[in-house]
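Letters A, B, C, D, E and F mark the chains in the order given here, with residues in each chain numbered from 1 onward.
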Amino acid sequence: MLEALLVMALGAVLLGAALGYAAVRFRVEGDPLVEKIDAILPQTQCGQCGFPGCKPYAQAIAKGEAEINQCPPGGEEGIHKLADLLGREFKPLSAEHGIEKPKSVAIIDEQACIGCTLCIQACPVDAIVGAAKQMHTVVAAQCTGCELCLAPCPVDCIRMEPIQETVDSWKWKYPVIPLRQAA
Amino acid sequence: MSEPVDVDTRDSGALRISVRTAGIMLAFTLVFTALMAGTYKATAPMVAASALAEKLRLIGEVLPAGSYDNNLMADAISLPPTKALGLDDESRLWRARRNGAPAALVLEAAAADGYSGRIGLIVAVGADGRLIALRVTSHKETPGLGDYIDPKKDRNKSKPWITQFANLGFDSVPREKWRVKKDGGHFDQMTGATISARAVTNASGRVLAWTMENRERLFALPADGRYEESKP
Amino acid sequence: MIAKLFRFKGGVKPASHKDESANVPIRVAPLPSKLVIPLRQSARAMARCLVQPGQIVLKGEMIAAAEGPMCTVVHAPTSGTVRSIEPQPVPHPSGLPAPSIVIEPDGEDRWIDRKAFDFRSATSQETRNYLRDCGVVGLGGAGFPSHVKLGPGEKGIETLILNGAECEPWITCDDRLMRERADAILAGASIMRHITGARRVLVGIEDNKPQAIESMRAAVQKLGEPDIDVVAIPTRYPAGGEKQLIRVLTGIEIPYGKLGTHFGVQCFNVGSAAAIHRAIAHGEPLISRVLTLSGNMAHPGNFEVLIGTPVGELLPLAEPRADTNRYLVGGPMMGVVLQSLETPVIKGTNCILAGSPSLFPTPPPEMPCIRCGECAKVCPAELQPFEMYWYSRARIFGKAQEYSLFDCIECGCCSYVCPSRIPLVDYFRFAKGEIWAREKEKAAADLARERYEFRLAREEREKAEKAAKLAAKTAAGREKAAVAIAVAEKPATTPEEDAKKAMIAAALERAKAQKEQAHPENVSDLTPEQQAEIAAIENRRAEIREMAKPHVRQDD
Amino acid sequence: MSIYKDIAWNGLWKQNSILAQLLGLCPLLAVSSTMVNAVSLGLATILVMMLANFAISALRALIPYEIRIPVFVLIIAALVTVVDLAFNAFLHDLYLVLGIFIPLIVTNCIVLARVEAFAAKNGLRASTFDGLMMGIGFVWVIALLGAVREFIGQGTVFSGIEMIFPTLSGIQVLPESYPGFLVAILPPGAFFVLGLLIAGRNWLEARANQRLRDKRLHEQPPPAATAAA
Amino acid sequence: MTTYLFIILGAVLVNNVVFVRILGLCPFMGVSKKLETALGMGAATTFVLTMACGASYIIDRWLLMPNQLEYLRTLSFIVTIAAIVQLTELVIQKTSPLLHQVLGIYLPLITTNCAVLGIPLLNVALRHNFLESLLFGFGSALGFTLALILFAGIRERLEAADVPIHFRGTAIAMITAGVMSLAFMGFAGLDKFK
Amino acid sequence: MNNSPYSLKPASVRSVMLRVLLALLPGIAVYVWFFGAAILVQIALASITALIAEAAMLKLRGKPVAMFLGDGSALVTAWLIALTFPPIAPWWVTVVGVLAAIVIAKHLYGGLGQNPFNPAMVAFALMIVAYPQLMSQWPAVGFTDFAPQLNAIFGPRQLDAITMATPLDALRTALHTADARATVAGVLGSNATFGNIGGKGWEWIAAAYCLGGAYLLQQRIITWHLPAAFLGALLLVSGGFSLVDAERFAAPSFHIFTGGAMLAAFFIVTDPVSGATTPKGKLIFAAGAALLTWIIRSFGAYPDGIAFAVLLMNIAAPLIDIHTQPPVFGHKRQDGDST
């Protein structure tokens, strides 16, 4: 019994000391994971995920506090990428947080706009230009389609329009209608 | 330049933390090792007893308990590695006596030529030169094919294959007939798995022959003695 | 000099079907009732329209100007009236309309003044600019601006290759052109040689066109320039592919992402050479081309057609048969289905094929790939199409790219031989499109992130500024405070980080400056009253922002 | 109460160590050739998991982060050795069958995984309960696996039960002439049957999910986008 | 010399840890989705397992056997292994954050890779000497790595296969592992020649 | 409507598979000559089972049954299973084997073209592990009586009279178990029924398979790489060892002309779906299969190692492919400067 204690005590002291030392010596700061997750998120900044923006959501995922299927603009594709990155299982988009919609941009009805600037303040990416009491316009190329400007508009003059396909943005479609999957 | 200072604080911190973690680790280790060692001490007799019981159970399978009256465990000798028995290691041999007279020998043996390697056996040979019984203690024969040599796996529960050796000696089955039928001998085998049967049969024949030859010397050795091959 | 021929791996030999249209001389197509000229004539860029509806234009008059280095000028193919400028169907697989100028010919075909261009006394840059102004783009199919291709590139051009291979079945326009206008082609080649300073010129022609080879050889003799060789190459699709032809004639393999000029070679279609000759020698911009009408037609042949002629008006010339169910623009291996008979001929249109169910049957449904490797055997790019297909089909594009998806030239050989009838090329086009779209999305996301972070920084700064303003109520004090706060916020950092931060800060400043510049555009012509009002609103806005902030924060 | 319901549901199904987390596979596959072996090992595992969760939850405040893993492992190992010795002393036949797998409970990933993921963060009662439920989750899967393999492999159930209850004996379900299907008892069979079990779970989950979705769709029209405050 | 070769070959192929000894399955299933991660995990395990075999031999021969403390084997081995793993983890975390992130939760779980304890215990049972122990550990780890990367190669391809929906992911991976272990049964009987 | 290309070469999966079946016919004919007509019963049994299983799985998975059933791939699998199993195996052994091949090895992976393992070889390995005895009982060569064979397949088995260990099995049993004095010559030479090359009968069957293989080569359904590498590697390794110790290692001619070697060389390692696909990969794949076959034949517990060897190489095939990708056009030599 005594030998047992002695032998184990010897081991314990050695290992404990080594580990304690290593833990300090090799400490790393920062978390590159958040950046990687953020790079996958679509940066729509819409808050549908339940966080105030893409970055906070990324932080929450990295900490394991959020599921990977809460970002509707990212869609299935985004979830696949997150699952790949994090080694988690893919799961379908959580319906609680919304559904995947075609990409849209905001359009301001220029007749109705009263120039209140509320939409400017709501837009997370400064995609609306104009000045007070002036008609406002959305810079379509910068609009992420987050819909955050819709609610604040007092005269409801902003609507979302799906982005039209042109010869430039056209893509070849998936070649065949896939055969029906087994249930 | 803050670099060197930084390293310094780190190192002294590391030392402190090392000591602390080592201390905690030590504490935990002592407590749990004590717990374990205590259990070990407490169960040791029972563990030893069950190991003994296991041995006795095996022996009991080949040698009926009522057929002897001495303490088998006390009346054992050790065997050196013996080719005839297929043994590469030291082993034990137990001697059963009845009213002081030799009754039987119980020994371990092996057949090296099983289908998938070594087949371990335990054999009891009566003082009259008959094989009382034998059992397979370990084997790697193909499950479902060659493993019928182990009565636990034998599908024929009423008369397992291995029981056909019981109470046979060279007087009833001559040495040259101590083979499987396929080789022109006396013993049955399972078609499709002759090799396993052949290995066991041949090994038992060798064991029997060896014991017949050495039986007097084996019984004569003092308890805890050591048998040495008598080479001319 | 007898050129040593090289081999390219892979390739297929579909039935050639050249005889149907090759034996009739080129005829000039009649003037159509309208001309539709897409503003995008050179594959890479859209020209800027210069005319207005109702305007009268002459034949060869510039109607759209070049924008940017990749663009070429667009000309009116005949004299007439501009009817409209509106989206019209164009020969594009999407079938989507694109902005075009519609001209109603007046039937007089009045030319503008035409003047030959003295390229011998001009610098090569000037000649190339002239070609751009003549709207010369490649007639081989891709429609790449020739003036760009004639530039010196990295290493200059040592070998000039004329592509007369015409490897696609059915098409014979280059064949006829070489038989009938070999002199013009060679004159063009000689001009190109002058521009680029190429040492030698090789003309590659598939050996199933003996008359064309004959005629070109004769013309070479006549021209009498040294180091021009007409080389007969084995007939195998896609020997006319630029990379394959260069490989066969010179042994050089041009990888994906590299241009011919990296290796000192450049390849032009024979038609392009003829067009260059026409532009230089006669001062005629590129407003017509020769194209083949063939397939399920009673009288197939080649026609000189004005750019912009609606296909529907051409077809009667060759009399499609009754069971024609669709038309293809281009050959059967690489062409696209014509979506509407209104679609005009553009500079890259080399063939209109009439298809019938028996000629080009709809393939049976696709079976799974059995990895038989046929496709890999015939792939001229030496790819493993089935691996690319395997991952493209499952939308695992990264893996598809690992198998060199982008090296695929979409020649269609793999689809041609696949026993499982898999439309492999379609999968590759799909995968490429998705990858590009994803890159675009990624760029958009990065932009959005940058703008969002900029906005956060600005809000932060504005808050700081406001605080500073409260403290020191002068404009100068405000500036300083902002800087001080910005500095105080940063902990000590390495010089490297500082540099980076400085760069970012500079970028943000620039962005801000741009934004501020943009602002006045919206508000430039305002009255002082209005401006005062704006200032007031700005203040109010700042206050609202302050008020709104806690709400936002509480949300999370 | 609902936290206990959660724990139970997680252990038994949702986070089931094997079907969902794929942990603890080695003993699972190696010892499940008969149902009796499987259940015995499972019971030993439950015991260890409860003890370990209990001990670590109790001591969690004392364990520094840097050496948590060695300490956890130390505690688990000590407990396992205790169980091992106990088996050896009191259930010797079974001990012979389960062989090296009792010491290997130490490295059964679930034990450490649960200790880290749950016991190190939760209270005594919840942790012990979690150990129990995770253990039961392990047991029912391993028992099912054992039963299927034994049945396919040799047409019996409960064979070997005499090792634990000498008065009972296994049941030959299929006729004696059933030739057996040896592969089922060998390692490949273990993988195959477990693969089928997991597919079965996927099927059940997918069905439940579909139902939930249908219900959601009926209940509330498309969820409105969360607007700014 | 040849005995050493046979030890390694035997451990890699004939008695492959994963397919024949059925050890180390959790990381085998968990870290085999991608070839890269599989390789990383294999390398880490190889390092740890070889070290563990060496360390456990020393502990066993110098500390436990002389003092008749065999019953402490499991305890002392596993604690040592845990410490080795944690040291490795800390070092990797510092030197190669990418690898660390990729190996994620599985690095600490090397401790609970049964093989890491099972192989040292087998070393004791097989009465290997120091060199043999090291080689056996190394060979077993190679066998593990081999199994892992072969499996990952197949899984990467399977990712794109039209597998029936309920079998996607782990279910078909299990079945694949089953066929693989069936294939490795072909080596049965070869260990006679060790 | 489809996209380009619009004209396609006439070819189909069905015609490929039918030609493979055609190529098997000579081998089957010779087989019947030496071992009796039982094999025809087995082929029929396997084919029917395969088609039923295939149809059922297609239906379950919601695929168009008629289109896929006609592709003939299930028949190729079925025939190969029948040809590799003993002709007098009980009917249920064949049926279970085919079911395992079609259901587990093929359709669980997504059906035609997606299976990473050779279905026929999965069936063989599974059944020989499960029923080693039934799977190694072959009728004696020349014993072609139909009635007892049929009885063996469908009825109560009375086999001793008609079975005989195959040359491989006999060799393995003698060399690697009891008898330390056994030699190759002793085993193969002592038994009058074993021919001089691969065992009487076996060598002719092998030759007929070789003929079928030549047809496949001529039809460009298989490339030379696989058979050449397989036979070449088998020749080399067995030749080398039998030179060193002819008493314990059989001659290369024996290895090539016995068991399933020739069938494997032309019909099994050539399975395009589960094998390596690059030219270099094919060489490695087939040579590896040959090497493993020889190792398992010479040292392993199972009499013929082809199924295991092929499965083992199937496992390695994805990695082999990844590491033997041929260079892409333009990325060969000159490409030092970028990407």
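The rule is simple: a residue touches a chain if its C-beta (ideal position, glycine included) is under 8 Å from a C-beta of that chain, and two chains touch if they have at least 3 such contacts.
For clarity, every value in this text was computed on a predicted model and none was experimentally measured.
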Contact-graph separation of subunit A and subunit C, given in steps at minimum: 1
Per-chain CA centroid nearest to the all-protein CA mean: E
Chain pair showing more contacts of the two, D-E and A-B: D-E
Maximum centroid distance from subunit C, chain identifier (CA atoms): B
Inter-chain centre distance, subunit C versus subunit F - centres from mean C-alpha coordinates, in Å: 52
Inter-chain centre distance, subunit A versus subunit E - centres from mean C-alpha coordinates, in Å: 38
Subunit C and subunit D: spacing of chain centres that average the CA atoms, whole Å: 61
Length of the line joining the C-alpha centres of subunit B and subunit D, rounded to whole Å: 34
Residues of subunit D touching at least two other chains: 64, 66-67, 70, 74, 77-78, 81, 85, 180, 182-183, 186, 188, 192, 228
Where subunit A touches two or more other chains, by residue: 4, 8, 11-12, 15-16, 18-20, 22-23, 25, 47, 175, 181-183
Residues within subunit C bordering two or more other chains: 93, 365, 368, 423, 426, 429, 548, 552, 555
Subunit B-facing residues of subunit E, complex: 71-72, 75, 79, 188-189, 191-192
Interfacial residue positions of subunit F with respect to subunit D in the complex: 104, 126, 129-131
Footprint of subunit A on subunit C - complex, ascending: 40, 90, 92-94, 96, 98, 365-366, 423, 426-427, 429-430, 432-434, 436-437, 441, 444-449, 451-452, 454-455, 515, 518-519, 522-523, 530, 533-534, 537-538, 541, 544-545, 548, 552-553, 555-556
Interface residues, subunit F side, partner subunit E - complex: 60-61, 104-105, 107-111, 114, 116-117, 122, 125-126, 129, 176, 292, 295-296, 299-302, 305, 307-309, 311-312, 314-319, 322
Touch list for subunit E against partner subunit A, complex: 30, 33, 37, 59, 63-64, 67-69, 72, 75-76, 79-80, 83, 86-87, 90-91, 93-94, 97, 101, 104-105, 164-165, 169
